[in-house]
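Both of the next two complexes hold chain A, though its partner changes from chain B to chain C.
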Partner chain A sequence: MNNIIELKDLTKYYGKSRGIIDVSFSVREGEIFGFIGPNGAGKSTTIRTMLGLIHKTSGMASIFGKDCENEGHIIRKDIGYLPSEVFYYDDMKVIDLLKYSASFYGKIDMDRIRNLSSTLDLDLSRKIDDLSYGNKKKVGIVQGLIHNPKLIILDEPTSGLDPLMQQKFFELMREENKKGATILFSSHILSEVQKLCSRVCIIKEGRVIKVENINDMINTTYKKIRLNFKDQIPDALEQLDGISAAKKNHTEISFLYKGDINAITHQLCHYELQNVLIEEPDLEEIFLHYYGKEDASPESRQEQL
Partner chain B sequence: MNIVKRELKAHLKSLLIWCGSMIFLIYAGMIKYSAFSETGEAVNEFMDSLPAQMKTILGLGDGNDLTSVAVFYSIFFLYFLLLAAVFSTMLGVTILAKEERDRTSDFLFTKPVTRVHVITCKIIAAVINLFVFTLVTLVASLLFVQPYLTEGMSLFLPIFLVCTALFFLELLFFGIGLFLASVTKNAKKASSLATLIILGTFILKVIIELYEKAKPLGFLSPFYYYNAQDLMFDRTLDVPFTILTLLLATAGACACYYFYQKRELLS
Partner chain C sequence: MNIVKLEMKRSFSSFLSFTVSMIAVCYVFFALFPNYAQDGKMLEEVLSNFPAEFKAAFGFSDVDLSTITGFLSFLFGYIVLIGAVYGMKLGTSLPSEEARIKTADFLFSKPIKRSRILASKLAAIGILLLVQNVLLYIMTLLPLLLFLNDPDFDVVIYTCMSFSVGLVQLFFVGVGALCSMFFKRLKSVTPLSLGVVFFFFIVEMINQSIMDKKLTYLTPFSYFKGADLIADRSYDAVYVFLVLIVLTVTLAFSFLLYQKKDLPTV
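The block that comes next holds the complex of A and B.
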């Protein structure tokens, strides 16, 4: 399989402040590749450099085997891009904007526009200015898919979409992927990346921490668990394997759990519980308790890479 | 071509407003003229009594007969020019800077087009705008001057020359606008710098008119390049200044191509 995206030591400084440092990863053809990291980690910077909106400081970025900077306009023929924040020409109607967008790629395929918009429940006759944020986002999705791109780049695509719409959106992405599109999916929400992607790249403070298979990651996935006991918190609980960052408060304990979910549920049935909450920890928490230790020193960070 | 079309559409409203203002300026001016010409000599006497500096600032040369329609029209040139300068500079600034201001650059510049192509399309659309604006000025001038012409008198050529000079200067100011948009941080900064330049060069022109010694600085003020009296009565366009005007306009556009290529489009 060919590599669709290839980044090597890509570095971007905004003046003196850090954008990204030595980012390297490659995305294979037909893959749904996750790009994950907390806000300000450099996800958008990487994507914007790939799209030629900003200029790299050093390193190499190529898509379809072509250099992102010099041959950007050729590369972009086959890219569909959905920015994290969508802004369009306010004076236009949805249909006009979509037609305008399509006109950059040659023939305007009206059937495709209609199909995509009906899938997403997007009203074509409304003015952009009058749309809610979620609806603008839908315009962005349709706009990014009109020309059947070979590579779809999504920068935090689900913000502003309600859960039902998110579901439809994921389905749409899977469909496009089945038709052969490669997808780069940037997000700060681990669970949605896990749902869709086969591999992920984790980025923090401008540096790539790890590129992992999602299956490997699921086994090392953290759950945030909060338990309310009737009486005292049993001491044995804290001795369990895979528990970290425990916080106790009278009868309540919360911690991060890493490992087989069955192991902990079996344990929990021995106790009298008042309430239990198992949720996805946000990425910051995982970084703090997992990656946080590992990149304490520059040497250990080197080992990671 | 799709970008040109889009830009023409996006700027249509503002073009109509500017054309409307120009038509109103000419119309109101000619109404004033009709009052002047009826009052007759008294106007000239009053004007003569004004200090020379005052007359210079108002764009009145020495010994001009304000009851002549040609002279009266030539005074307009300065006001046309001011209006046109603001219109063209702002057009240059906004046509480029609006993408970042409205945060639509993410849309436009992730399309399969080079920045050079985008700028070229925008320039084409803007020059069409400037051309229409000048054409409207020409037609409105001819129309509103018509009733005051004596038999056998034609002001077509002088007015045509005035409008030609106006068009060249519009291109120059447009070039300045483009340049500002490509080097400043945002549209707001570009606009305020543009205002400063228009005001500064206009004041410079007035200073030059008042102090002979400042004449060598004339090339710094586009307002100084063409003299309405030359256009109207000698019926000539100053060739060196025309070349300078077009060169500067081209330089502005070239600088814009160069700097915008390097620009970081941040959202």
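The block that comes next holds the complex of A and C.
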């Protein structure tokens, strides 16, 4: 499979302040790729660099095998972009804005505009200025999809949409993905990334912490284990490889475990247990663990998990 | 082409108000002229009481207000000023407007080069200024020919005066574009526009008062003075070139700087 997006050591400084540092990942053709991190982690900076809205300090960014900076105008023909904050020309009507947007991609497909708008319940005859934030967001979604882009870049797309509309939006994205579109989905809400994405890149303080298959991340690799001991919690337990995010409370300990499940069950049979619970952690917990330890460097955190 | 069309549409209301006010000011002055012509002697006596520097600064000194060409040259000193404010506003908005109304992410993520976007906007400005100058010329020439019927009225001189508005506007389009490059995001273009235009206007006033030839090159308000136009019946080619050079250089720098610029996050 071809890589649609390829970033290598992409770095952006705003003057002296950090934007992103050495961001590297690639997105394959046809996948829905999650890009996740807290506010200010550098998600938008990465996306805006890819779109040529801002200029990288160093590193490499390419889309469809073309350099983002030099051939940006060619690349952008096949990109649909939904910015996190949507602003349009206030005095325009929705339909005029959409036609204007479509005019940059050649022939205006009115059926496509009507279909997308009716899917999202968007009134085409209203003025942009009179729209609520959620409705402006819908305009943003439609203008990003009109030209059947091969790559859809979404920067926190669901903010401002009600849950019902979010549902419709996710369906729409799955449809586009089935038709062959690759999707880069940036968000700080894990559950929605979990719902939609196949792989995910986690970014914090401008650096990529990990790129991982979302199923590996949740189902196979990590287990959330809670143990209740009769007496004291044995110290040796905490020394085990693969244990992280340990929380102790008298005779109870819970932690995330990564590694061969047999290794830990062998170990546990040495102790007198009152109760044991092994379950799938949700992404939120894994995520909190990544972000929880402010003191640790990204490298050491990577090793821990 | 789509950008040019939208730019024209979006600029229409400010275009209309500037054009109408320029023409309206002309009409008001035209209506006053017969009185000036009659009481020319009296006006001169009144003005003779003012200090020479003051008269020079406000454009009373080097022309005879009781003749139609002299009167028009005085009037156009101020029409040019209004036009200059409009030109500067357009120039300042050229690279800064999309960031100001936060539509930059929308427009610049379209498959089009930045230079193409600026060039389209520049084309729209060119059309607006051309239409404005032609409208101003025709709408003011007609009443002058039809109603005033003054034998001293010289169409050639008037044509020069009227289109000097456009030349000065070109100077400010360039200066405005370059000025706005030094701001990350301009909240409003009006203070900057007014400030810069009046700076150059004050330089011109000082120039008039102290009559220093060197200062003349510094301000476009000195390039196409009514008194010179009346004397030569044409523009001084040096100043026309100067305007074109300033326009070219400032726009070239603006285009270059704009290629490198990071669009502000909304």
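FYI, the second predicted complex is superposed on the first by the 220 of 305 C-alpha atoms of A that agree within 3 Å, B and C clash if a C-alpha of one lies under 4 Å from a C-alpha of the other, contacts with A are read in each partner's own complex, and residues count from 1 in each chain.
Methods note: a contact is a pair of C-beta atoms (placed from the backbone, for glycine too) under 8 Å apart; a residue touches a chain by one contact, two chains touch by 3 or more.
Everything numeric here is computed off the predicted structure, so don't read it as measured data.
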Following the superposition defined at the top, how do chain B and chain C come out on chain A, clash or fit?
clash
If we overlay the two complexes on their shared chain A, which of chain B and chain C does A:105 touch? Say first, second, both or neither.
both
Looking at A:160, would you say it contacts chain B, chain C, both, or neither? Reply first, second, both or neither.
neither
Now for A:77: first (chain B), second (chain C), both, or neither, which partner does it touch?
both
Based on the superposed arrangement, let me know which partner A:42 touches: chain B (first), chain C (second), both, or neither?
neither
Which of chain B and chain C A:281 touches, first, second, both or neither:
neither
Taking the superposition on A as described, I'd like to know which of chain B and chain C A:53 touches: first, second, both or neither.
both
Doubly contacted chain A residues - partners chain C and chain B:
14, 44, 48, 51-55, 72-77, 79, 81, 83, 85, 87-91, 100-101, 103-105, 143
Residue numbers of chain B touching chain A in their complex, please.
2, 6, 10, 102-107, 109-114, 117, 262, 264-267
In the complex of these two chains, what residues of chain A are touching chain C?
14, 44, 48, 51-55, 72-77, 79, 81, 83, 85, 87-91, 100-101, 103-105, 143
Interface with chain B, chain A side, in the complex: residues 14, 44, 48, 51-55, 72-77, 79, 81, 83, 85, 87-91, 100-101, 103-105, 143
For chain C, which residues count as touching chain A in their complex?
2, 6, 10, 101-106, 108-113, 116, 260, 262-263, 265-266
